[in-house]
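Each structure below is given as structure tokens.
What follows is a pair of complexes built around subunit A, which joins subunit B in one and subunit C in the other.
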Partner chain A sequence: MPMNSSLKRLNIDRLRHWLPLATLIILVTVVGVMEPVFLQPSTLLQLASDTAVLFILATGVTFVIMLGGIDLSLQSMASFSSVIVALTIAQLGYVSFGLAVGTGILAGFLSGIAHVKLKIPSFIATLAMGGVLFSAALVASKERSITLGDAERSYQTWVTGSHFGIPNVIIVGLIVLIVAHVLQAHTRFGRYSAAIGAGEPAAYASGVKVDRQKIFAYMLSAGFAALAGVILAGRLSSGSPTLAAEMLLPSIAAVVVGGTAITGGVGSIWRTLVGSLIISVVRIGMTFLSVNIFAQNIVFGSVLVLAVAVTIDRSKIPIVK
Partner chain B sequence: MRIASWAPVIVLLLLCAIISVINPNFLSFGNMVRISQSAMIPLVLGIGATFIIIMGSIDLSVEGVLTLAAVVLSMLVLNGENANDYGLFAVAAVLIVGAGVGFINGLINVRLKVPSFMTTLGTWFIGVGIANALLGGMATRINDPWIRGLAIERFWGFPWGVWVALLCLLIALIIQNYTRLGRHVYALGGGEELAALSGISVARVRIAAFTIAGVFYAVGGILAAAQLGLGNAQIGNGRLFTTITAVVVGGTSLSGGQGSVLQTVVGVLIVVVLSNGMVLMGVPPSVQIGVQGLMIIAAVALSINRKLMKIIK
Partner chain C sequence: MTAEIPTLSLVDVDKRFPGVHALKRVSINIMRGEVVGLIGENGAGKSTLMKILSGVYQPDAGEIRIAGQAATFDDAADANRKGIGMVFQEQSLLTNMTVGENIYLGNEAQFTRFGIVDWGRLYAAAERQLAKVQVDVDPRARADTLSFASRQMVELAKALTLEEHAGDHFVILLDEPTSVLERAEIDILFERVRALKSRASFIFVSHRLDEVLELADRIYVMKDGAVVADLNSSEADTTKLHHLMVGRSLQAEYYREPLQRPYRENVVLETENLSLGHAYKNVTFQLHAGEILGIAGVIGSGREELTRTLAGFAPHDSGLLRIDGQSVRLTTPAKAVDLGLGYVPRERRVEGLVLFLPVAANITLADLATFTRNGLINSREERRIAEGWVERLRIKTPTINTLCLNLSGGNQQKVVLAKWLQAKARILILDHPTRGLDVGAKEEVYDLARAVTSEGLAVILTSDTLEETIGLSHRLLVMRDGEITHRTDAAPGHKPSQIDLIGHMV
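Moving on, here comes the complex of A and B:
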């Protein structure tokens, strides 16, 4: 029954499409009923501020996952970026932020080259790049955490301050959302990415410069990770080689929970926003239930595996390795 | 035999020659013992990961299983936190925990059809998370003389832990060369469709391989806890990286079907000798992680058979 099966297919696609948003609404309601404080504007603003860094990391890796790849270096990149800011902000001022993001873009370029030209699977290329970046952060920071003084913090008001009662970090997050959405939905790069993710041989055969798109996606991923590191350095007034160490799992979980399939081709920045908010609300819910912050990884790990199992497109991978 | 498959051995010999010229102390018995001590844990972990990588899959849960094993062990043997003193039963329990996590990895991979790198990324953090929840952020001191003895007591000049690692190597060689499972693991890596068509139960082989790997990581956890003298949630940090480096530097191909446990021995020795040499030359340990990262890229780039792979994800 082709008719019947296509109908079923449509329903599943719909379900996948709306499930993340429905989950978010239900979670917000549940946590709100449990702790009415949660629904007060100040708490919600706090939630949005706390989500911003996670969202920026997740946005970067969304571009890579859309292509069917993965970036396991983002937490090391963000940490290294915070170290760069902490070490250079006193001399360079605002330029230090550019330096950090520039380093990120360069690192992403190198990961992309290693992946595309040397034909190394992305998870191993970025795992290795993560090691190199972690090592660089350890050496540069002399294996310690660098705290920023008042003079240095004055350069970071674009992260720590607020406009009209809205924390600046939320505004930065919204700008990232707009830029990333335009890149993903309204440019040739975005369309080509979706095409490559949906079927690489077809995209290649229709003349898409696959390698170039891929390298650009890794540059975006590492660049956004570096930006997240810059913001983290501002929010925590410090830089350290392990500053973002716990961010890898939540970031990838946010993308996948939002409904972007790790097999590529299906996904959007909006979904990543919904996914990031889900992760944040789950985290707050667990804090209300006083779950140990490290033990929260049990939940995130399970959620990740479950979300992958639901969203993955098995027709694309006949053999699951 | 192609020359390429001997490349890791040649690299290892060259490395030893160069380091011993720069610092003759390298060849002293004391330094050999030191090298064996730093090689024993990577060896046990690498052996486990080799089976998975030969299948063409990957296992990122090394640190999760190792940490969980070390923490469970520290809480069940004679320790500074509670009144438990289960001795050898604790060791058995830890091996079962390792097998359990591996079994779950295999089950998720096969039944839910979640790719292994995502499955094991999840269980990595779940394992560390459970270890953290068990400890509540503390560390548990191990007072059991047998466990501590693995790192301290010696036999023919080498700590008992080194002999345990060699026993693991022997068992792994037997599994790889003399059992049906060993041959099926290669068959899966060489071509899974073909293996399935020739009547191999792919699902069973995968689950078995992940389970065995989990047991080896648990042994790694026991040795790590013995070496450190306590169980804490950071005990696994950096282990995954060394493990993968060792396996791929040894020449086991990430695309599956090629490699062996013995090649992993060579890979482990390359990684350990190199870091030992860097210590002798005064290079800080933090640089070594970066060097390992570059080694992974170089080794994978050299070993991949590009003709077979059109699309790399």
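Moving on, here comes the complex of A and C:
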């Protein structure tokens, strides 16, 4: 009976809704008990700063995941963006950041066009775009890491500096949070994305311009990835074709761990924030436990699979392709 | 009843879900070679009963007996092994596989040696199954090359493979098997079922009372989780059954004919020699404000494609389509929506609603621009609008934040209608608007159709039953092989008979 299943679903949904936040609180408590240093304001600020880049990457891909797609190009995009900044900042100054983000938006537009107009699955379109961007970064940087000098770093104080003791990178992250939250929760684009993710045929039949929303989501995703690359270039004072390597998995894990459904339709930027913090705390916890840094993706991979399994009601999806 | 032991019986079967007593000590018997009809409104307990019979649910109390022996079904496969077959309302054949592969899907072991399937033997066996239902289908044909009617026959043939292991005592559940079939196809299905009574017993679930009367030997009527009547078909008629089901009798004004007001002068939509490929050609008609224009025709008559064209899914390739006098070509639904068309699709749960979004978001989906200021949705305004529609259309939902998934079919349909009324659609395309709805919900849809046309909306209607098309429409078009073969007025008191129209349909 519908009544029964809806009651059951209500409880499970409520559980699913609060699970990520509860997980975060438990993790923070556990790590805090094990290493009281962790709960000191300076450590927490460091944690927030370290989370910012991951959060911005995850925020971008949240828009794409919400409408049922995926963006696998984001780490190559971020790396390429750092290379663009490193190569042009001496001549262009602040404009180099705009150039990097603009390149990201263009790449996202092209991925979106390939996905929507050529009807290529998003994981193929963005996988291909990722390959293109990675190669572009390799060629442009001549396969090396470009370290930035002091003159160039002076353009990056908006990333590396701080206001009232709060690192600027956290403030940038908060601005991204607000902008992305408003886009997702209070605009037609956000609503249409949710509708497309939850039921594309009905959204289409209701007159939603599905293609347009999708292309816009890919532009946002790549644009935010490029922004993350710009910030990364500032934090590490360099640009490199592998600067953001190994960030794809944690970013997607952050979205899903936060409780956004990988199948689309359900999710929010807040969830992505919680998910990003979980990933960061897990990472720090592993450092405290002296887990080899290169082994961390084993954990993130497992966490991703687990989180997907928990956040989706498998009973509604008997078969997964 | 004789002292004969029933092939299948339920004895005092009880089933509760949190908050709902779905089945209240239900007892039914199915005798050998009998066709038992099972009717009731949505929520009466039919689906729960069918799910218990097919092993999806287990009863909380009571007993299932096969040939007098107590039995339990662990799951659907177990029920199947024990002699319960199902022919589903939504066809379950895999369209990319052949008929033979479908018939023996999951049971290929008998044709397999050392992991290799002997296709020759499988197809020969499939041919024998098809012969049982006397359908002339090549077992090597892909399922998607078959008509819906043939596919239904193949499903029946598939269910009959039960004979191979279940012996004498087997029962086939026919769950709304006629909902996608046209009349002539239904006749063939019924004829086959009758012919098979010597081999199997049947339980026939349908919303169409006349069909149940026609096919069933005996009818169980369910209401609120209990069996309220068990009567021989010869003792029953539609009015009586309807009365038993809903506790009120079928009124003469079922289709709200007294509320049918004359339509207005102004033409809101017209076509001139509209054509699309092989689907339809030279379609010319006018639709007036306040009018319900019914289109009758069998599958393949072109009416389905014509409807899709008007909804923006399949643009015409020649001829003219004018909306408010302006010539247009509807290349996308978005374009149709902009021009004031609203599509109420037959696939309500796929194209009508975003099931996993709340009621409010569905109601406002086609009209978000109206209360977006500076790019931001005014949520308070949105809630107010949604609550207004819930109240006006009496949509039964716990809150406007409830997911549409959790609403009954009738209330889901009201949400779809609310969406288009909110979007100020001036032309509604009702594509089988009462499909799968119970009698009470249908009547509410009829009331709404009358109310909106009185206010000047125009409606294009295609329907599951001819009776409904005739009852609701101001004027009727009949289509056959892609062309309009007949036009007639259907003013109250001067409605054409079904016989008049059928002649032009086939």
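In this section, the second predicted complex is superposed on the first by the 312 of 321 C-alpha atoms of A that agree within 3 Å, B and C clash if a C-alpha of one lies under 4 Å from a C-alpha of the other, contacts with A are read in each partner's own complex, and residues count from 1 in each chain.
What we mean here is this: a contact is a pair of C-beta atoms (placed from the backbone, for glycine too) under 8 Å apart; a residue touches a chain by one contact, two chains touch by 3 or more.
Because the structure is predicted, anything quoted here is derived from the model rather than measured.
Novice: Quick check on the superposed pair: does A:302 touch subunit B, subunit C, both, or neither? Answer first, second, both or neither.
Specialist: The answer is first: A:302 touches subunit B but not subunit C.
Novice: With both complexes superposed on chain A, which partner does A:294 reach: first (subunit B), second (subunit C), both or neither?
Specialist: The answer is first: A:294 touches subunit B but not subunit C.
Novice: Could you look at A:205 and tell me whether it touches subunit B, subunit C, both or neither (first, second, both, neither)?
Specialist: second
Novice: Could you let me know whether more residues of subunit A are touched by subunit B or by subunit C?
Specialist: Answer, by number of touched residues of subunit A: B.
Novice: Looking at the overlay, what does A:182 touch: subunit B (first), subunit C (second), both, or neither?
Specialist: Once the two structures are laid over each other on A, A:182 reaches subunit C alone.
Novice: A:123 in the overlay: touching subunit B, subunit C, both, or neither? Say first, second, both or neither.
Specialist: first
Novice: For A:143, decide between first (touching subunit B), second (touching subunit C), both and neither.
Specialist: Only subunit B is touched by A:143; subunit C is not.
Novice: State which residues of subunit A lie in both footprints, the one left by subunit B and the one left by subunit C.
Specialist: Of subunit A, residues 201 contact subunit B in one complex and subunit C in the other.
Novice: Under the definition above, what is the set of subunit C residues touching subunit A in their complex?
Specialist: 17-20, 22, 43, 48, 311, 313, 332-334, 336-338, 343, 345, 347, 350-357, 361, 365-366, 368-369, 372, 375-377, 379, 402, 405-408, 419, 423
Novice: Looking at the complex, which residues from subunit B come into contact with subunit A?
Specialist: 55-58, 108-110, 112-119, 121-126, 128-130, 132-133, 136-137, 192-193, 233, 241, 244, 248, 254, 256, 284, 286-294, 296-297, 300-301, 304, 306, 309-313
Novice: What does subunit A use to touch subunit B in their complex?
Specialist: Of all residues in subunit A, those touching subunit B are 68-70, 114-116, 118-125, 127-132, 134-136, 138-139, 143, 200-201, 249, 252, 262, 264, 292, 294-302, 304-305, 308-309, 312, 314, 317-321.
Novice: Give the list of subunit A residues in touch with subunit C in this complex.
Specialist: Residue list for subunit A touching subunit C: 1-9, 182, 186-188, 191-192, 194-195, 198-199, 201-209, 265-266.
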